[in-house]
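Note that chain A is present in both complexes that follow, paired respectively with chain B and with chain C.
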Partner chain A sequence: MQKITRDVLVEKAVSLLENGSVSCVLGWKKGEFDYDITPAVFESKEELVSDFIFDDFCGANFSKYLVQKTRKVEGKILVFLKPCDTYSFNQLLTEHRFDREKVYAVGIPCEGMVDIGKIKAITGDGISSIVCGDTIKVNTIYDESFDINAKDVLLERCINCKSKKHVAYDELIGEEGEVIESNRFDEVARLEAMTPDERFAFWQNELSKCIRCNACRDVCPACTCEKCVFNNPKSGVENKAPANEFEEKMFHIIRAFHVAGRCTDCGECSRVCPQNIPLHLLNRKFIKDIDSFYGEYQAGAEVGSRAPLVNYTTEDIEPCDVFERGND
Partner chain B sequence: MQVKEYKPLIVAFCCNWCSYAGADLAGNNRLNYPADVKIIRVPCSCRVNPMFVLRAFQRGADGVILCGCHPGDCHYTSGNYYTRRRMALLFSMLDYLGIERERTRVEWVSAAEGAKFAATMNDFAEKVAALGENKRLEDLRCKK
Partner chain C sequence: MLKCSIDALNGVFAKIAADATLYLPTDKDGSTVYAEWSEGVELSNALNTAKSPKDFFFPQVEDLMKFKVEGKSISVDDIRSESEDFVVFGVRACDVRSFDILDRVFLVEPYDSYYASRREHGVIISMACSKPAETCFCRTFGIDCTNPGGDIAVWKTEDSVYWNANTEKGEKLLSKLGLEECSDDAVNAQKEKTEKIMSKLPLAGLTTDGFGGGKTLDLFNRPEWKSLSESCLGCGTCTFVCPTCQCYDVKDFNTGNAIIRYRCWDSCMYSDFTKMAHGNNRNSQVERFRQRFMHKLVYYPENNEGIFGCVGCGRCLAKCPISMNIVKVMKTIGGNAE
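This part shows the complex of A and B:
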């Protein structure tokens, strides 16, 4: 489904690596299966040629990797950024989390990534091979084969893609895209329209699936603290299977609150969640609230913008007036 | 078996400069407010981390109220403006998760408003008592 091929990217990476302008490449690497593609650092042409991959499973956002990598590596790092990744990239720059001079960012177009969870829901387990394309061809170890329309199994964040525009890059492969109108707040509005009891039941059902693996925290490009509040054994939300319903609620409220106003809605949290909890709905609630209370704000749209929670006006809405917004 | 009468536990975060003095004034004026309200003095309402609110619920509070100086009167110039944004978002989120909205409140009480402090606490305690025990954010490990 992707318009650009792996070969174009490998060629680009190899030429930059060989002329010495970058010392390593952040890219996607083949995993054990066709669908489990992992982020990796490539340091030689051989590695790139044999292992680099770019297909419909390359959802990973590399912005966060730059925080640690730019400190350790001598010279520049080449990073490939999809449009939504560039928002996180800008947000991290705004927070001075890495040195822009040490990064060579190549913007690449994205046609939307697919969700292996949705494919597995159709095919069942035991996938032996997947061939990407507009029609995804899946074979299983039980000698079954499936043809799946890629548009039907897109990741949630790609169904409601907010932008095809790269907001940061040194070089762009392909054409410049546009910010697009999306319906990303529809699901939030649907929940808001429910009664409190229904909402509680919905979240109880979703959040009780949480196994506290911390994958959402670890992958989030806005969560870059080196010492996290959740690492504190006395936080009341220790890293263990939930003892009761409160623990994961507290964890998820605080996790979402910590990134409120800084979350670019990249959707990584929902993508990596092994329990398929729709975590983006928590983040989007904050984004929707911020938009309606304090004016439209897209984190990462420009470097240096002031996040809504570290800003104020004397005319802000009162917390007790918040509920009278027609969703009673 | 003796059945204990239900009494709500209310945690009130009061800023040192306005609301705490307001509570003092309510006491000096012999104004009644429920003994179920447990006041925690904080240097400024913006000292209240969202986690404090959740922690209070976790440890068995039935309602949490934040009191601070009126917007514009903050002892530290702008602390309560930040509180206002933070709590607007946090309370909206709690509502989104289905927590009863009457359990949380922010009220601006100045040092001269002893009567307002007492009235606010009476009203809040009454509303929380009507809701009953906080079941939705309780933590079984913290049960006595």
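This part shows the complex of A and C:
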């Protein structure tokens, strides 16, 4: 489905590596099967040629890796960024989380990434090969083959893609895209329309599945505290496992508040959750409310913007109005 | 060998559930989970549950004791929840082996009475696999998915369910279920078919060569650990979905007027894992990552007569956010490396 091929990216990476512009490349590495790519650091042409991959399974967003990698690597790091990844990139820069000078960012177009979970729901277990394309061809060890329309198995965040525009790059491959209309708040509106009890039951059910693996937090580009309070024995709220139903929700609610106004809606939390909890709905609710209280605001759209929640203007909504609204 | 028809299965479940709580894999919200059986709860057709069944014996969170100080006296109460008899149906061969691996940790000195009590009260009814996934590699560890262990083994075909007791506990339960005697032809036919599929699995050739007891010095300083762990998030997904990961932390919870001491799963991938007075003994993610795999592939077999600490269930392959896993480790270092 991707218009841009892996070869173009490898060629770009090899030339930047060989002319010394960058000392390593952050990219997707092919896996055991045709769908299990791993984010990896490539240091040589040989590694790139044999293992670099770019296809419909390259959902992983590398922006957050730059926080650690820029501290460790000598020279510049080449990073490939899809449009949604560039918002995280900018947000991290706004928060001074990495040194822009140490990065060479190449924007690459994206046609949407697919969700292996959705593919497996159609094919069942036993996938022996997958060939990407507008029609995804899957073969299984049970001698079955499937033709799946890629658009039917997109990641949630890609179904509701908010922008094809790269908001940060040193170089762009392909054409400049546009911010697009999406229906990403529809599901939030559906939750808002529920009665408080129904909504509570919805989240109770979803969050009770949480195994507190922290993958959502650890992958989140807005979660870059050097030591999360939930990992810090001195914080008083450290917890490795929710002790009760209250703590089950507390972690998620605190996290949603902490990333409010900074979450770019990159979709990584929901993509990685092993329990398929729709975490993005929590963050999107905050985004929707911020939009309606303070005017439209997209975190990461530009570097250095002041998020409404950390800014003050005399036009700001009064707490009592927010409170009133909660009683509706 | 005993059998019942698929249509009679719910009736058999009802008989089991009359004397003990019965748990089985069922589909919920697009995922497969163990749930308590009651009329209307359907056995899932999925190969395996997203989370392993280790919770039955080693729950993610468990209260151990309660301390209360009044004046100058302190009382210490055992507040464990008493185990009741329960039956877990549909455990796959890989997961059955995981109980053996956990037993070797919890049932040796210092004997863990919390775990032991659950083990004593639980009956395991395993279920043979007939449609393994591409992520399965139980055979690498000598596990035969067509002949699962447990107290009772079950084979499910299109129209029937076959039962065979492996232990006394299993005999006792099976004798109460009123099943009919039958030949094992259908089961043998299924086994043969599954065996053929097992040899076709993409990970069929994976071996434990190069791993095992005594390999610490060969593997510990391998330079590949760096690239293998390079993008590991240090989340706990792999450890929490793994049936054999057994590390826990003991914590105190202040209720306001007493202290509840509880234990909860911990992950060697976490930065505050085994933090001690002198600090942490593994300060970087590469060390933490290495620990998880060295434990399963070297230290555990070294201390347990060569038995590996992985059962090849494939959960970490399916769930790791960055798709890094034990298979990639085994193929990069050790005898599978090209």
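Everything that follows uses one rule, which is that the second predicted complex is superposed on the first by the 306 of 328 C-alpha atoms of A that agree within 3 Å, B and C clash if a C-alpha of one lies under 4 Å from a C-alpha of the other, contacts with A are read in each partner's own complex, and residues count from 1 in each chain.
As a working rule, a residue touches a chain if its C-beta (ideal position, glycine included) is under 8 Å from a C-beta of that chain, and two chains touch if they have at least 3 such contacts.
As the structure is a prediction and not an experimental result, all values here were calculated from the model.
Undergrad: Between chain B (first) and chain C (second), which does A:A60 come into contact with in this model arrangement: first, second, both, or neither?
TA: In the superposed model, A:A60 contacts chain C only, not chain B.
Undergrad: Between chain B (first) and chain C (second), which does A:I127 come into contact with in this model arrangement: first, second, both, or neither?
TA: In the superposition, A:I127 contacts chain C only.
Undergrad: May I ask you to decide whether A:Q275 touches chain B, chain C, both, or neither, giving the answer as first, second, both or neither?
TA: A:Q275 sits against chain C, while chain B stays out of touch.
Undergrad: First (chain B), second (chain C), both or neither: which does A:A215 touch?
TA: In the superposition, A:A215 contacts chain C only.
Undergrad: For A:D36, select first, second, both or neither according to whether it touches chain B, chain C, the two together, or no partner.
TA: Only chain C; A:D36 stays clear of chain B.
Undergrad: On the A-aligned overlay, A:F52 touches which partner chain: chain B = first, chain C = second, or both, or neither?
TA: Touch partners of A:F52: none, neither chain B nor chain C.
Undergrad: By the touch definition at the top of the document, which applies to A:K249: first (chain B), second (chain C), both, or neither?
TA: first
Undergrad: If you lay the two complexes on top of each other, which residues of chain A touch chain B in one and chain C in the other?
TA: After superposing on chain A, chain A residues 243 contact both chain B and chain C.
Undergrad: Can you list the residues on chain A that touch chain C in the complex?
TA: Residues 31-33, 36-41, 60, 65, 121, 124-128, 141-142, 205, 209, 211-215, 217-219, 227, 231-233, 238, 240-243, 271-272, 274-276.
Undergrad: Would you pull the chain B residues touching chain A in the complex into a rising list?
TA: Going through chain B, the ones touching chain A are 50-51, 54-55, 58, 71-72, 78, 81-82, 84-101, 104-107, 136-141.
Undergrad: Mind pulling up the chain A residues that touch chain B in the complex?
TA: 191-192, 196-204, 229, 236, 243-244, 246-247, 249-250, 253-254, 256-257, 260, 282, 285-286, 289-290, 293-294, 308-314, 316-320, 322-323
Undergrad: For the complex, give me every residue of chain C touching chain A.
TA: 29-31, 47, 50-51, 60-61, 131-135, 197, 200-203, 227, 230-231, 233-237, 239-241, 249, 251, 253, 262, 264-267, 270-272, 275, 317, 319, 321-324, 327-328, 331
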